[in-house]
Amino acid sequence: RMPRSSHRRVGLVADEAGFWHESRADFGPSVEPGVQLETPEARRRLLHLIERLGLRRRMTPLEPLALAEADLARVHTADYLAAFRAQSAGTGGELGDFAGFGHGSYEVAVRSAGGVAAAVRAVLDGELDRAYALVRPPGHHAEPDRARGYCLLANIPIALELARARQGLGRVAIVDWDVHHGNGAQRIYWDDPDVLAISLHQDRLYPVESGAVEERGGDAALGATLNIPLPAGSGEGAYLAAFDRVVAPALRAFQPELLVVACGYDAAFLDPSSQMALTSATFGDLTRRMIELAEALCGGRLVIAQEGGYSPLYTPICGAAVVAALLEAEAETELHDPYGRHLHTPEQNLLPHQLEAIERAGAAAGTAPPTHH
Amino acid sequence: RMPRSSHRRVGLVADEAGFWHESRADFGPSVEPGVQLETPEARRRLLHLIERLGLRRRMTPLEPLALAEADLARVHTADYLAAFRAQSAGTGGELGDFAGFGHGSYEVAVRSAGGVAAAVRAVLDGELDRAYALVRPPGHHAEPDRARGYCLLANIPIALELARARQGLGRVAIVDWDVHHGNGAQRIYWDDPDVLAISLHQDRLYPVESGAVEERGGDAALGATLNIPLPAGSGEGAYLAAFDRVVAPALRAFQPELLVVACGYDAAFLDPSSQMALTSATFGDLTRRMIELAEALCGGRLVIAQEGGYSPLYTPICGAAVVAALLEAEAETELHDPYGRHLHTPEQNLLPHQLEAIERAGAAAGTAPPTHH
Amino acid sequence: RMPRSSHRRVGLVADEAGFWHESRADFGPSVEPGVQLETPEARRRLLHLIERLGLRRRMTPLEPLALAEADLARVHTADYLAAFRAQSAGTGGELGDFAGFGHGSYEVAVRSAGGVAAAVRAVLDGELDRAYALVRPPGHHAEPDRARGYCLLANIPIALELARARQGLGRVAIVDWDVHHGNGAQRIYWDDPDVLAISLHQDRLYPVESGAVEERGGDAALGATLNIPLPAGSGEGAYLAAFDRVVAPALRAFQPELLVVACGYDAAFLDPSSQMALTSATFGDLTRRMIELAEALCGGRLVIAQEGGYSPLYTPICGAAVVAALLEAEAETELHDPYGRHLHTPEQNLLPHQLEAIERAGAAAGTAPPTHH
Amino acid sequence: RMPRSSHRRVGLVADEAGFWHESRADFGPSVEPGVQLETPEARRRLLHLIERLGLRRRMTPLEPLALAEADLARVHTADYLAAFRAQSAGTGGELGDFAGFGHGSYEVAVRSAGGVAAAVRAVLDGELDRAYALVRPPGHHAEPDRARGYCLLANIPIALELARARQGLGRVAIVDWDVHHGNGAQRIYWDDPDVLAISLHQDRLYPVESGAVEERGGDAALGATLNIPLPAGSGEGAYLAAFDRVVAPALRAFQPELLVVACGYDAAFLDPSSQMALTSATFGDLTRRMIELAEALCGGRLVIAQEGGYSPLYTPICGAAVVAALLEAEAETELHDPYGRHLHTPEQNLLPHQLEAIERAGAAAGTAPPTHH
């Protein structure tokens, strides 16, 4: 455990515009209108909670960078950007599955990417040690030429490409612990050996067709894509084992200059979109592990960019645990998790079939030898 | 598959009062007010959907029976009933964990139990073939002397005890597929060899301390309690296997005069309260299996009493599948399930560790020999 | 007061599809998304309340008539219907001010008009004495060639034109007590001497440009349009005086064969969209006056078609008062109005400037001589 | 119009805790649960809007003062405080009409009063020129010995009494333009000639029994209470006339050292709780008038404390107009009011019966001679 410091400068992006974005997913004609999975509520309430706990005032507010279309075009196709801009100027539209948007969403999505870019820039500049980008819409499903799963622009890749162009950023690693597969970064960086894209996710949840251990990157970048699909029902045991046995060794081997987390909270116990069982304690643990790795590998440079998380009740508690960890303020933070006591239920242990899945991923990554049963 | 009949008379209890009940669960000081897990919304929307699909008009409306306190006292202690009545006459209260209630909830809870009683009576009388009690509050966690988990009165036991007293009901079987353990019936019927209480549930989810395979009933009723705890992450494969290998044989062996389902929808894919992955198709399948068993064993007498289910988006679709099955109207019902395609994701298959859990339950029940690996 | 009868047959249209319609009004870029004025909630809760009060079971359910496009074309232009149908088949649209709609709204709007048509037909046929059409979307602002103010099709005119074509309906009077001007019927029947279109409304509230006392109908139908604009702040005193001094004499003079009320609840005390102060008592009083007039003038034939009403808290109470009056069940109905005590606040009295406005309307209508001050 | 200055330092209190307070009003058994008039939503959305418009970053954040019980006891009785504290430590309670509260509301109410106290202190100290206290719960109905109308503690009097005790504050004037009567300050300062308590309100709206022009203060303080009850339906014309003819002369005659506004937004056009018709433009006008008077009379010292306002759609726009005026930033603020165009509807003019009411108030106040008609 690293030495305590009360001098960590932690940035926070929390752009109001993001909460005014209207997302829509079409669940078909048997779902009565009036209920959506993705709303601003979970993120708003996370912000409320860190305010209430006194954490927000200890963070440095960051404004989104104002991105030019050229900044987006490093990642997205011109056709996609033009179509998105045009539909957004009208009454909204949909340019991919589960990814409807309203009037003005283009500008908001650009601010969201700009929020991650601001966090990356401040940390690379050394202005701040770490930063949390509480942005909306999320980005990790967005592909160069289409929107998917509430994601309209690829926030993290846009931010990283800007940093490569402007700040000379070299090797960077993305750890995506959103419960859904990080298909965006995988596709965008498929052939790029300088970006390690790791995704921990529920096996074949969404997108169903991607995220297998066999997907390891293009020939020029073999191993720079690393998928760890976990079985439905996984909890603390599986996540920490996957991190310690596969993620951490891969990061150490890669030697990045910056660590970025695609931080979804949808693997949490109460999240409706998945079958995972994490509590806020595990999100805190994962964050502390990332901090330690950043300290060890890249001068502590760590950016957390928020992705999914659909429980207005529980996402805030998980997010507050991450923020408290970034501030190294866990001890003095009065965070009450109603699910703390479930830590010792069966799904919090590492089960044999979960270990097998982790070992398969580790073997593919070359980080861990398969064990024999 | 049984022959089609268009002459099934299916009853529906949908008492408006139930939707006016205010439930409250205390998730502690880190949860901002304004969000609750249990609200009338999921049940209201289920009712809306079966109305919209044209199913409701094919059902016979049933009014709750007016229960006397003596009817409740067959199951609950006098002290508990007095305390509940008193707090309900004031501003509400809480008489167990996760089970707060408001002013007037006593009368509503009595109507909820009366709704299940009406369904049981009509089916036993032969007025109707089957009945669905869309009641609120639920009942399967309520114990003789305390409320638990949103349940205030033990709806099903109260209904069954009334039927035993008035209609000479003999042996009856309860199948509880709510994702949480059916602790109420287990405790109430622990020593009663004439009530087979089967519970399929996520292992140690809630209540954490009960529902193990070893809990098999008191000495006088050994085997009349049957628990099938399933691992987090279970889907269609596990549920159908558990049903076919353990539940169905147990029911056949028991030879009940009536089948009752404690029908929660919280093992569904989108439900926030669990880690299970059922789709509406599986709820339809389970219902059809119950119908077949009822036809084979007890003249078709089948009552479905609604318990949990916390997804305003998905509970209605699962419930509509159950209702369509009761009406044998699946073919002509235009029910669109956005999660149908997930049927072939990994969690829909029967996995070895799930099979093991099922076999342990079967062995305890004496319905299936353990297999060796 | 007419003699009590327990044999009134009162119909109820309450089509589920209407509650699935998505309306949208654009309040501009300074209004954060997530709040709308017009939602299904106020109507749903009205339905819940009459169910809870035991009123609904005393009514005869009516299904909407299945209308053909020709039935709509008696009132609307072919161009408007084609545009509406096309946008509704896509992702929705907006064909007038404050009148956005979603996918599938065309079919729902046709059912809404069909609901009013069913009520009119049943009453004209003598199947029922009176009927209440709890429809959505509303209709009284819809004009032949455009949607306005949440109204997509002119429900009442469509129903009346069908009855004229099929049932030989002759003279009919519409009393519109929605707080906004009944511009639709006025425009549609401007030159038709056989339809008396009376509108009581808050002066120049919406549409701002219509509803003045000087608007009295075309040359061929002078006097068949009758506007009674009331000053902001009017309550019971002004409404009952306007009814007794202007509306009732006009109806008596006109001798209709059917009375139809365009029944908005947005002149109510708690309604956000207006500055009027009616309580449920006044809605009951107005309904009883309409019943008496219907008995006196046209064999009791009375249809109430719901229009606006935007208070989820108070619209239901006002609507229940109307339904109780239709059923002549006020005495045995336990309706608790939190605003009953406000009946004696200043705005419940008839004030001089209100009386002046009423007299101006009466003078224009020829029903009351102006008084001199 | 005063000269523009870009150097105004304007404070903002926006304490997160206030939004976590649960208020409850009992509207009786005919109101289905799930809808409340007073929720955090209108205030939250006001905060969101001023953030979105770029106004918030131009304000100086203020933390609530930590008040001791002795600070409350200058205004409230010991019995009331003890009862409130005790019920708040349990599951909440109700200590007056329409004033229910939940667990922990005592601490939140103390912070709310402390928020107004912080604003008063900063302005009196000269740290800031003006301040806006966006607090919750409101305070202007709270009386020494009871809660009323969502108000639990008398925020403004508590703040003023603290300033008198600590900062030697002398004469102070309160202008209460919440649409309901400012009964709290009236009762608390009835005999105090050094506090001028002016209330503009809808005549006999709430509390029904107080707020008449004849209520002018106790013998020792005759004229220091000044009520201007306006007729239902009043708009810009009436409010500006009342301000210019009665409020402004009274303030000039009184020569206060500090101006405080009890700033409700419930006289606004879309507010459900009243029959008034103000638009955001009028709230801006009233604020500018208060600024001018403060500049002229008391060195510009002006505190705005938020009271009622129940339209989640429109309260934010009215509040943003007030904040923009405080910042003298109207010209560069892109505030779009959907009701701007209603400024020329009839209720925006000064009508004769409104003028009469204003003149009666002016005559009672001695600020304006009655005119004869």
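Labels for the chains are A, B, C and D, by order of writing; each one numbers its residues from 1.
Everything below uses one rule, namely that a residue touches a chain if its C-beta (ideal position, glycine included) is under 8 Å from a C-beta of that chain, and two chains touch if they have at least 3 such contacts.
For clarity, every value in this text was computed on a predicted model and none was experimentally measured.
In summary, the chains found to touch both subunit A and subunit B are C, D. Comparing the chain pairs B-C and B-D, the larger number of C-beta pairs in contact belongs to B-D.
Centre-to-centre separation between subunit C and subunit D, using Cα means, comes to 37 Å. Between the Cα centres of subunit B and subunit D there is a gap of 52 Å. Rounded to whole angstrom, the centroid-to-centroid distance between subunit B and subunit C, based on C-alpha atoms, equals 44 Å. Counting only residues that touch two or more partner chains, subunit B has 19-20, 29, 32, 48, 52. If you check the complex, the residues on subunit D that touch subunit B are 19-20, 22, 29, 32-34, 39-40, 91-94, 102, 104. On the subunit A side of its complex with subunit D, the touching residues are 16-17, 19-20, 48, 51-52. Within the complex, the subunit B residues that touch subunit A are 27-32, 35, 37, 41, 45, 48-49, 52-53, 203-205, 208, 231-235, 269-273, 275-277, 311-314, 316-317, 320, 334-338, 341-342, 345-347, 351-353.
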